[in-house]
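Scrolling down, you'll hit the structures one after another.
Heads up, the next two complexes both have chain A, just with different partners, chain B and then chain C.
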Partner chain A sequence: MKYLFLLPALLLAGSQATAADLTVAVSDAGGKPVPNTVVTWIPAAGAAIPAAEKGKVFVMSQQNVQFLPYVLAVPAGATVNFPNKDRVNHHVYSFSPVQPFQFPLYGKGKSHIMKFDRPGTVALGCNIHDSMAAYIRVVDTPFYATTDGTGRVMLKVPDGAGSLAIWHPGLDAPEHQMARALKLAGPSAQTFSVKVRPSAPTAGQY
Partner chain B sequence: MKALPTKTIGWLAPAFWASLWLCSGVAQAETQLFDPGTYTAWIDLRVATADGERDWLDGGFGKLRYGDETTASIAQAAVLWKPQFTDTLSGYMLLQGVSDAEVPLGVEEAYIQWKPVPKSGFRYGVRAGQMFPPVSMEHDGTGWTPSRTITPSAINSWIGEEVLVRGLEVNAQQTFGGHRLGLTLGGFTRDDTAGTLLSWRGWALHDISSADNSELMLPDGENQGWYRIFHDNQAEMSRPVVEVDGRLGYYVRLDWKAPAALAVNAEFYDNQGNPNAVRNGQWAWGTRFYNLGAAYRLTATDELLSQYMVGHTITGWQVGRGRYVVDVGFESAYVLWSHRCDNGSRLTGRFDYFAAKDHSRRQIDDNSETGYAATLAWLKPMSDHLDVAVEALHVVSDRPARATHLLTAQQGQTQLQLALKLHL
Partner chain C sequence: MIMFKRLSTKLSVMFGGLFSLALLVIALACYMAVVSYARTSVQKELQASASVFQRIWTLKSEALQSNAVLLSRDFGFKSALATRDNITVESAFDNLQSRLNVEIGLIIGPDGNPVVGEAGALGQSLAAALRSKDEFNSDTAALTGIVAIDSHPYQVMAAPVMAPDRLGWVVFAQRLEGPEMHNLQGLSSIPIKSSILTQTRGGLWLGPTEQTSDYKPSSLSFFIDQSLHTKAASMIGSNHGTMIAVATSLPNLDNKQKSVLLLSYPLSEALKSYQPLLTVLLGIGLLGLTCVIIASLYLASNLTRPILALKDAAFALRDGKPGQVKITTHDEMADLASAFNDMAVSIEDRERDITRLAKTDLPTDLPNRSAFEDHIARLREQGVENGVVVVCIGIDRYAHIRAVWGVSYAHTLVSRLQDILIRIFANAYIARLSADTLGLCLNPCEAEQALPLARAIAARLDKRIKVTDDQSLDVLVSLGVYHMANARPSADEMIERALIALDQARASKAKIALFDPRIYSELADTLLLTDQLYAALQSKVLEVWYQPKFSYREGKITSVEALVRWNHPERGFVSPQRFVAIAEETGAIRDLTLQVLQTCLADQGRLKSAGFNLDVSINYSGRLLSDEGFNAKALALCDTAVGQICLEITETAVIEDPKIGLAAINTFVSRGLEISIDDFGTGLSSLAYLKQIPAHELKIDRSFIMEIESGQRDALLVRSTIDLAHGLGMKVTAEGVETAASFTLLQAMGCDIAQGYGIAKPMPFGDLVLFLNDFAGVGATKSKMPVYRKRKAS
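Here is the complex of A and B:
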């Protein structure tokens, strides 16, 4: 399952004359892997997002009074499903300038869809359950992936110059993002050692 | 804050509801009143064994729900209804049955809440009705139940028994630069007897929370301080949700969530009770307290919670030097550590300290005490419909008033509980 999100990159790679394996590992200061980090590669020459990539099924479900996944990366122009798999109602909203929206109360088995055209971060909340939080990171490149528990991803990207960026909602950096310019010629392994702010405890808060 | 006459409150209420209704606008979502998603229910079956003295529910000074007994009971059967009137206006009502409570069936929290959808980092909300002021950091389970242990701390056990209020509460929060600041203001009635049980029985640790019609047993016998001072003017059952003096009480709470693993809160509560007022054997108590709370996330699986409360309560008439005939300072603190295991279970340890100091008439009514408790609990959701919990609790306390029950002042007690919670 964790390799599914690499498929588009792999498919795309086939159309390139030369492709490089770009492996990225993200860990914290203590060496622990950092999951839920969105890794993007933007070639200097630019890269259009294929229609097939935008047309994929992206899901931000509500399950056990939590959003799943915590961080969802989608390419600009993609449509996201918001199914409610809980017994209780949810009222999903975002006031992020990138795309403010709300889905007023909806119950079990019901779903909403929303198209995200503008790149940026969409912070999600539920007006019924304050402790629910998640992020949709809208990226402007076909080369992207999100780290899992190992803190690693592998992207198939074209050789050449470009910008490698990582984003995490708690990353202690401007815009929660870090980037480095690279010139790729063949496989490359990049590591990021980052400081991630822990999220505040929700116990007994008001 | 000056007390509003109750008559004023009477006509304010309909006006308030009307304005709420107008503010909430046209419902965009389906109104859900009796939809299956609006209610839940559970039954908490409990097997318990405890040594030591007679528990307070039976008229003793015992600090726990059970004392000198082995028993199986329905600790709580509850139906929780959360109707949605519009997409921002909702209701909450918990009907509970507690087999070992003096009045087994009643309505615990019941309120209406208005929560507009935030359009920026500023958010606000209003609730009105019967509710516990937001003091407890442990009661974040469904239906105001503790989610880490079976038995809440001494502080929050007391909130559950004597600090159920009827009022109006406004909450506002602002996020900036990763910090979140919150302010909560509440005005209330029906909490005039807060302090009765805390003074005459003392601190306790148990998970019975009060309902609108609850009656709580005072230590029994005619040589109790409460009887020697007030005789038949004080009922042997305290009723926690009554209005005696017509004065409004209030609370103020501040919240701060740091851009770190830390969240803290501070609260001041004053029921502005008139200590001279008495009605139907229920005295009004002038009760104030400060509560400080902190939560710290140690790792993704471990958290620390802590609260400290200090307060003062008085009732009756003045006896000189500014003191009242019942005049008690109280203080308690706990530190709780909770660990979430890989298999979904949760292991929690807590240490409680509690104390009260009586400032008047100690020869006939000494309400001083000190005590400690250690609690170890393990909770596991076994399926979508069954949670299992086991808990061991040991409490030691020193209370001179135990002499009125021919007991030595210092008593220790250990209680073991197994809870099977079946829920929808």
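Here is the complex of A and C:
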């Protein structure tokens, strides 16, 4: 699955002669890898998001009364599919100012789609299952990835100046985001040691 | 250590004190136990109340909390809050608030500020407290705790609005003062006062003023800190007396704040139910104390009564009164009292024996001198206006009788005499004053009757007396009589005076003598004179006068006799016979003779320088002859003499101790001194001694010379003595030559030297030189009596 997310970067790397491997490792204060961290590279020169990238299929499924994945990074303008794979109904909503919406109760096998144009964070909940929570991170760059269980990603990015940013819903920082300016010339390895709060509530009182 | 004067006090205080102390300790222990029990029960009650409070509070807050949570979970509410539809939010909140009947409540929006409801200081404070809450902490799902605004406590229930991130809070609060707390107080079985206090930044615990004004802030804060540490109720002072209180920690909404629930209860209230018990205890204690004191006093006096009786008896015994203790019990004190009584009896017996021994002449069983004194002293106490006579009866030759007939015979004789006396004088007191002296005291007796009485005694005793059945003895007695009426002398002095009278009688060979105060005072004076003589010898104030001796053969003064003179500043000239006798008695004669000797030797030297070469005669006491040391000293002095020294020795002295005396005289002679026999004719002359003494001179006593003119016999004796002396190779000096007739007569008899007032009286050294000068002219007429010139002694 994660290879799927890396694909756009690989494709880009092939089209540009001066591309560099930017390896990013995120760990917490105790040295444990932090998964579900969205890593983005925004070149100073700017980079348009190719249409192919926008046209990709992004899925935020409901399965076992949980959202999957917990964090989903999508480029601005992408469409996300919300299939219900459970036998129970779900009422998916978001009150996030970036894009408030709701899909009133829908049953198994049914799906809704939603296009996300504005970059930002969309917190997802289920009206009838308080324990369900997930985040869609809408990014405004073609160079993005989400860390896996090892807390690492590798981005194929062009050399030159830019801003490397990481985002995690539990990151103890303003807007849950940290950024650092870099000037890349060839491969680079960046590490972030961060303070991450425990995950969002997984169990309610109801 | 306190010293008690009385044993009973000591016992009372010790017993009473000990029991009282024990009672006090018991009472104290009871009181402590009661107080401790009361406190423990109140403590338990307080702790129970604290638990009840917590429980009720939890129940109450849980109800509110569930409603707050319910609202926070409502999708429509969430939607309205997320979309900032404040009107909808407010209406939903108002709806809930009116349903729950909660006074204070508010909604906090996504930006952390109050959106609806309480927007004032309370709202801001609550918002601030909740802002600090970790938005990701799953435990913050619903919060409850204390928030204090200016020390006013509130119970706060807060439920987060999650969508799924936290959008805001639904908050309800209620004051924890006044009615709320009163309701809580009503739940307890005892009227507990409860209040909630919050710690300020400075560490002081503060609460609503009306609940904490009873306490001093500092001591209250200290107490709360202690109580939180020990988790137990204890005492604290307040304006309404001592309180039992406990502080339990309460949860706070804001972790920075700390609040406690203080439950208190007045100690007096706690003890009130035990008051009757304490009163009864006090009553029992006082009753017990009284009983103990009375019992102690009784016991002490019971114990000490026999001791006091013994003490009184001992004091009586000390004062010579019969001291017997009455025995009433059968214990150890009775044994002691009985032993004491035995001791008192034996002491009395022994004392009687001792007194008897002390007052009795054992061989004759007559009263002794001490008893005699006691008797006279008793008489004096009764009054002696009618006169008392004391007669001392001395048995003559008693020593002789005892030596010849034996001691027991002598004693029997004394007893016989006493028998005779008692037969004559039935009311007389008769005692044996010494071995040979009986004392008789008669009262009353007029002074005139004293001598007749003595004569009667003498007449009755001077007889042949049958001593034993087969032996009789001729007894001779001497009597000394002393009569007294209203005079001062003590009993002792009276007896002494009677004894002196006896001595006087014996001395004067009289049968009976009355005490002569004149002689008595002379004796006293002699003692004084002895002292004065010593002083005079010490200060060398004795003078040496010289009486010239006229030599018939040479017709001039050839020698002088040195005569010691004592001119006492008060007495005038003291009789040489008297003080020389004293000197001989006391031994002062040595110093006296030495002083005279030294003076004579010096004067002889001065005479020689004045042109007169005279022999000097010095009286040498017979007693000194037996002192070999003194003899040697005198000899050494005489060796320094410039002229002839003659020692005049009385014949009696020589005869008394012939052996040593003769040896000394021989030594003197061998060393060139002349020896003269003084006062020849008065001593017990022995021709044998006269023959042995190598004397150079014989001095015929004045008593012969004075009578020489009138008495034929004396003249014959003198003439014979002169011839005898000449025959023995001695020259003869006549003493007491006072008339021209005797002077001439003696010359005719062949006397060698004349001495006496007829030639010259004794004179001081200064006058002697004048006399010698004057006499030189007259010396030519040999056979004539020298002209006597009266010279005044200076």
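Everything that follows uses one rule, which is that the second predicted complex is superposed on the first by the 198 of 206 C-alpha atoms of A that agree within 3 Å, B and C clash if a C-alpha of one lies under 4 Å from a C-alpha of the other, contacts with A are read in each partner's own complex, and residues count from 1 in each chain.
As a convention for this text, a contact is a pair of C-beta atoms (placed from the backbone, for glycine too) under 8 Å apart; a residue touches a chain by one contact, two chains touch by 3 or more.
Treat the numbers as computed from the prediction; the structure is a model and nothing was measured.
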{"item": "First, second, both or neither for A:Arg197, with chain B first and chain C second", "value": "both"}
{"item": "Touching partner for A:Gly125 - first (chain B), second (chain C), both, neither", "value": "both"}
{"item": "First (chain B), second (chain C), both or neither touched by A:Thr79", "value": "neither"}
{"item": "Partner chain(s) touched by A:Arg87 [first = chain B, second = chain C, both, neither]", "value": "first"}
{"item": "Which superposed partner A:Pro100 touches (first chain B, second chain C, both, neither)", "value": "both"}
{"item": "First, second, both or neither for A:Ala133, with chain B first and chain C second", "value": "second"}
{"item": "Per-residue touch tally on chain A - higher for chain B or for chain C", "value": "B"}
{"item": "Which of chain B and chain C A:Ser188 touches, first, second, both or neither", "value": "neither"}
{"item": "Set intersection of chain A contacts, chain C complex versus chain B complex", "value": "93, 95, 100, 125, 127, 197-198, 200-206"}
{"item": "In the complex with chain C, residue positions of chain A that touch it", "value": "93, 95, 100, 123-125, 127, 130, 132-133, 170, 197-198, 200-206"}
{"item": "Touching residues (chain side chain B, partner chain A) in the complex", "value": "27-30, 32, 35-38, 40, 82, 84, 87-88, 90, 115, 117-121, 134, 136-140, 171, 178, 180, 182, 184, 253, 255, 257-263, 265, 293, 295-297, 303, 305, 424"}
{"item": "In the complex with chain B, residue positions of chain A that touch it", "value": "87-89, 91, 93, 95, 100, 102, 104-108, 125, 127-128, 197-206"}
{"item": "Chain A partner contacts - residues on chain C that touch it in the complex", "value": "69, 73, 75, 78-79, 82-83, 134, 136-138, 141-142, 162-165, 167"}
